[in-house]
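Below are two complexes that have chain A in common, paired first with chain B and then with chain C.
And now, the complex of A and B:
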């Protein structure tokens, strides 16, 4: 049922594609543009994912497992880019580069790769840090005692334990890049999403449809590849009971300086550049007449619709996540993968498919916030499913069996054992979804009730007409509001509480 | 308190048969041990009784209630069968008192039952602690208390002591047995440790390849094993070839008295404590060489190579025997009648 709702846009896409193919013939659908766009989109996804894995795992390790000075501060800083929407970062970079050298055009493939990597590496960093904090240090100690040095232990034992978390995070990054629209549009990189959006904008639904279909195919390939590399049935939970000790910290010694410099550089690029750029424009923005009431109503709209979206998403994600974690098998794998699919579709496609769905199936919902909340749920289900599944692994089935043998019904067992154990993970999922809803742009543009402006749509509107000063207050607010759930997320990941000492 | 009857239980996972017709009867109030090597199906049997697995065939009866059988599968929460898992599996988000009270109703929680069972397992006053503040042995005591708290008619223990060190294990075994006795619970303990089974249980069932091969009081299983495999599994044993005729059996250890046994070729069971070691190979004694000595403090186990071929082991207790060393030549004599299994 939950998965079914998430598949609405796909069904729409399939129906329309078949319709078009019947009218025009399949060969007519593929032009020279498709392979070029496909190559560029895939290359961008690959480069950004690789960059995110290196940055994410590297900073997670430095923050949680070494004696790096200021690691608690860096633990927080490394998660904060989540609060900077990719299109804000892209705009801030363009503006910043423009300040330094007005003639240098900061655009194209590598500019997009840099900005997207800096925006999305927390998707790898956060789960990796959580695993590093929670992993049983005994396995690493055993490896050391078997004669493996600290580096070989890191690559042979620690990284292996990180694998599921990094794979899930990397998959999210790749899907995020494939579906990102704002950053690539601002940085003038021609990818599928930008092409789809411009075709739709010009009322050319047929080529947009073709591109969206190829994008779905690429997503399927990506998911299949990830499944193939994942070792089946491998569980990375700690074997045995007792209580865990915190891992001993690696002494960096002479590497301290370079490590510190590397982390500081990443933070400066990911946070410093947007911050400087925003602050420079912010002063001019707030002094505009009438801006305060405009800003506050947009804020209220953003928070309200994002809360509704997060609630709906979790409602759908809970059964899927639990099923995936508890009943490993072909059925749950298919369900899990299916829930990922819509995430890779551009928000434009989701948005338009739900417009279609709203007008034809549920006219009462059309032009209400509920349809937008549904779009959020469809878009961000994978985020929530991943978090719920990871949380469910914190409540091993043995505990539920013991609880049932003590005479509690399954529903009571869920309430008294499973739920308390997984609720921290659920909280993290809710925060992540809320945060992402706040940042969502294309679907919001298409599905918001007429006249409803959110922070994101106002920011977009001002940015597209090069009103940098007018856009700055929205960007700053968006970043500030999104920083709250980011903070929650970081403290849940244990980077804060266990990062010190 | 209720009896447990397992009859003809079959359970397979795909092509792997874990249980192939298990029969087991545990009278009310008895502590029974299911003893078998790893992979013999003993944990599967426990899970079938608890209701975590569905039977392929056979039936399970607790007291006068049939809980599993053809077309019947009572869910675990309605069986009133408590389980103590291998690693304790305490609920990490609940205090010790919260764990113990988990299976209790509201009235029972107020009646002081929690403190009562905590005292029973020797953890009075620990109620406010969280599981991660306890040692492994204490966690296992809490797991036992949690299982006992709702006064279940049947308690299942799945190798509950295997993760603990030896000293702690012996102490915990005694305490858990006392707690089970004090509560009058019927209990089934699954273990691969024959010392644990023999010392704790009122009744021992030896399991092999998904089948119970022998069940009875510990002394009977040890003293009159059903076959050579059981004899070897439940304790140190030397199995020698022999020929039975007229109530005696001819072996490399000489002619030995035997109880019963059909005439003809047979396998002869000689326990280490039956073998008496003399400092010199004199008179009627059989000559042998000590090949290894394992010293345990209170006794020592000698491995011996017989001059006539074959190996036996001997347990020696007295101080004089402790002077013996590997390589020394000694004489052997067998005390009491030996058991024979026809080939």
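And now, the complex of A and C:
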């Protein structure tokens, strides 16, 4: 059922596409531009995903497995870009580049690829860091004792342990790139999602929805490809007693300087550029932020609705995640993959599909926080499913079997054994979904209760009429509040833990 | 590693969900009841631009206005999905194209004749389902350090000439550009329009996603000139806190009824279920009242739709500009425009 709810947008798209096809035909919508858009969208997704894997795995390795000075600080910094919405980062980059060279046009494919990579590499970094911290060093020690060198151990053992986590993170990045509108619009890269939005702007919502259906097909391809290369996830946690031993840390030696410089550079680009631009916004122009009550009510609304969205998302994600981890097989694989589908759709399409669903099926809930929370759940389900499934996969099923063999009922086993074991995963999922909800804009605009303003909608309001100074506090608060769950995620990944020095 | 306490989390989650349910229980969800002193407006115009006027209306009339702000095009799509179930009484749109889309779906009531009579028929739906509230002119925004006055073209058609190669900014995915191209098709025919689009596309135009970016780039000297709506320059001046004539960029109005100075409107339509609501009527009347129209000319630097209100200083009279006879309800026409813009390789 949870997966069924997540598929509401697809039902809606199917209804609208068939209807449009009947009324006016859709053949003329498939011009030469469609394959070009598809190719560019996939290329952007591929480039950004590759970039994120390099940056994410690289940072994770440096902060968890080496003697890099200041690695705990970098451990936090590497995750913080999650708190920066892509549209804020893109604005910031354009402004920063103009500061250096007012005549340079920072735009196009590579500009978008750069900004999106810097915004989304934590999706790979966090799970990779968690695996590197949690993995049993015994496997690597065995490899070395059998005569493999450090590098071959890294590629042959460590990377293999990392593979499922990196693949899951990379998939999220790819889907995110497909659905992103903010950054590609500001940086003028013509992708599928941007084309969908421009059809809406032309007042042509039905053709826009037909195009969105094509996007679903693209996503299916992507998911099928990822599934085909997927092997069964490696379990790296220990069963039973004994304290886990942290892996030994690699001495960087002469590489220390360059490694430090690389991490510092990435953080400076991903965090420093938005920070500088935000600070400049505060002083720019004559518009002034709204009253304190306006700011605080937007903050309260943002936090409240995002918490509700996270709670609802987890409620739906828990059964799927457990099923995926405990009953592996074609059915659970398909269900798991299906939950990813809506994540690649533009927020406006998810929003409209829930307008359609709300007004026709549950008018009492229309324009209430419930429906908005449901939209968040549909959009961000895979973020939570992934985290729950990963945690459940690491929780040894033997413990549940023992409990059951001792006569506990399945419900009691779930409550007393499974839940406590996977609760860290639930916490991580909640944090990730919460901060993503905070940043969401298009579905929020369509579904929020009339009159309810959040930090994201206020930011949108002021930036669309170039009131940057008025927008600044909302942007700053958005980033600051989203940074709190990010910090939680980092500490959960174990990056902050002492030891191993 | 901080332990995540599950019972606490579950309690918090349940409490939150209940809290969310509670905050949804306000009266905005009830079907719109006529004359209850409350109306719901879907506004595709920005809060910063129109909320002060709405506050003024609430104070003078005692009617409570619940405003839902959003993007004009996406709100039109939302209204189409909501159909008869919509909680909205009024749709206040940024451009006539969105109003036309909603009107064509049969969701608007016909406005009373005395209201329609106040506004030039060119600025309302031919069937009376929506009415213009303010007018905006298309202009060529230019930077005098890069474009001398005698270089300014007499017609928008001259922009395809070689001296404009690589110097002109356009925003082809923006609704205002597309409405303008539709106007050109009506006035000069599809062939001439296709030629013009091809000429612009071949002249290495600088593509931007909206008018704000074009004005910013012209003002900073990254672009020599660009095709935009006239009031974006005023918005920029307002944000920088300077009078508009101190900005580097200037507005140029194409003379002699050239289509390059076409007038488009922001406007309102009343949803079918609210046709009899006196509060709704009072709101629409207020937008077209002397107070309302003065507000727009002074605060948003737009053209008034009601005669007898002076235009903002430095702007040509409305009668000097062109209002081509386009039926903006004709969405099929817009679709054709989009196809032409796309074919020319401009989007």
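Rule of thumb we're sticking to: the second predicted complex is superposed on the first by the 474 of 501 C-alpha atoms of A that agree within 3 Å, B and C clash if a C-alpha of one lies under 4 Å from a C-alpha of the other, contacts with A are read in each partner's own complex, and residues count from 1 in each chain.
Note that a contact is a pair of C-beta atoms (placed from the backbone, for glycine too) under 8 Å apart; a residue touches a chain by one contact, two chains touch by 3 or more.
Since we're looking at a predicted model, the values are computed, not measured.
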item	value
Chain C versus chain B on the shared chain A, clash or fit after superposition	fit
Contacts of A:293 with chain B and chain C, given as first, second, both or neither	neither
Partner chain(s) touched by A:407 [first = chain B, second = chain C, both, neither]	first
Contacts of A:398 with chain B and chain C, given as first, second, both or neither	first
Which of chain B and chain C A:33 touches, first, second, both or neither	second
Following superposition on chain A: angle at chain A, chain B versus chain C, Cα, nearest 10°	160
Most chain A residues touched (candidates chain B, chain C)	C
Chain B versus chain C as contact partner of A:420, first or second or both or neither	both
Lowest inter-chain C-alpha distance for chain C and chain B in the superposed arrangement, angstrom	11
Shared chain A contacts, counted only where both chain B and chain C touch the same residue	420
Chain B-touching residues of chain A, taken from the complex the two chains share	240-243, 396, 398-399, 401-410, 413, 416-417, 420-421
In the complex with chain A, residue positions of chain C that touch it	1-6, 9, 12-14, 16-17, 19-21, 23-26, 28-29, 40, 46-49, 66-71, 73-74, 76-78, 80-83, 85-87, 97-98, 100-101, 173-175, 178, 206-209, 212, 216, 220-222, 235-236, 238-241, 331, 334-335, 338-339, 342, 347
Chain C partner contacts - residues on chain A that touch it in the complex	28, 31, 33, 98, 102-103, 105, 185-186, 188, 190, 194, 198-205, 207-208, 284-287, 304-305, 307-308, 310-312, 314-315, 348, 351-352, 355-356, 359-360, 363-370, 373, 419-420, 423-424, 426-427, 430, 442, 445-446, 449-452, 457, 461-462, 464-468, 470, 488, 491-492, 494, 497
Complex contact set, residues of chain B against chain A	50-52, 75-83, 85, 87-93, 102-103, 131-133, 136, 139, 146-147, 149-150, 156, 163
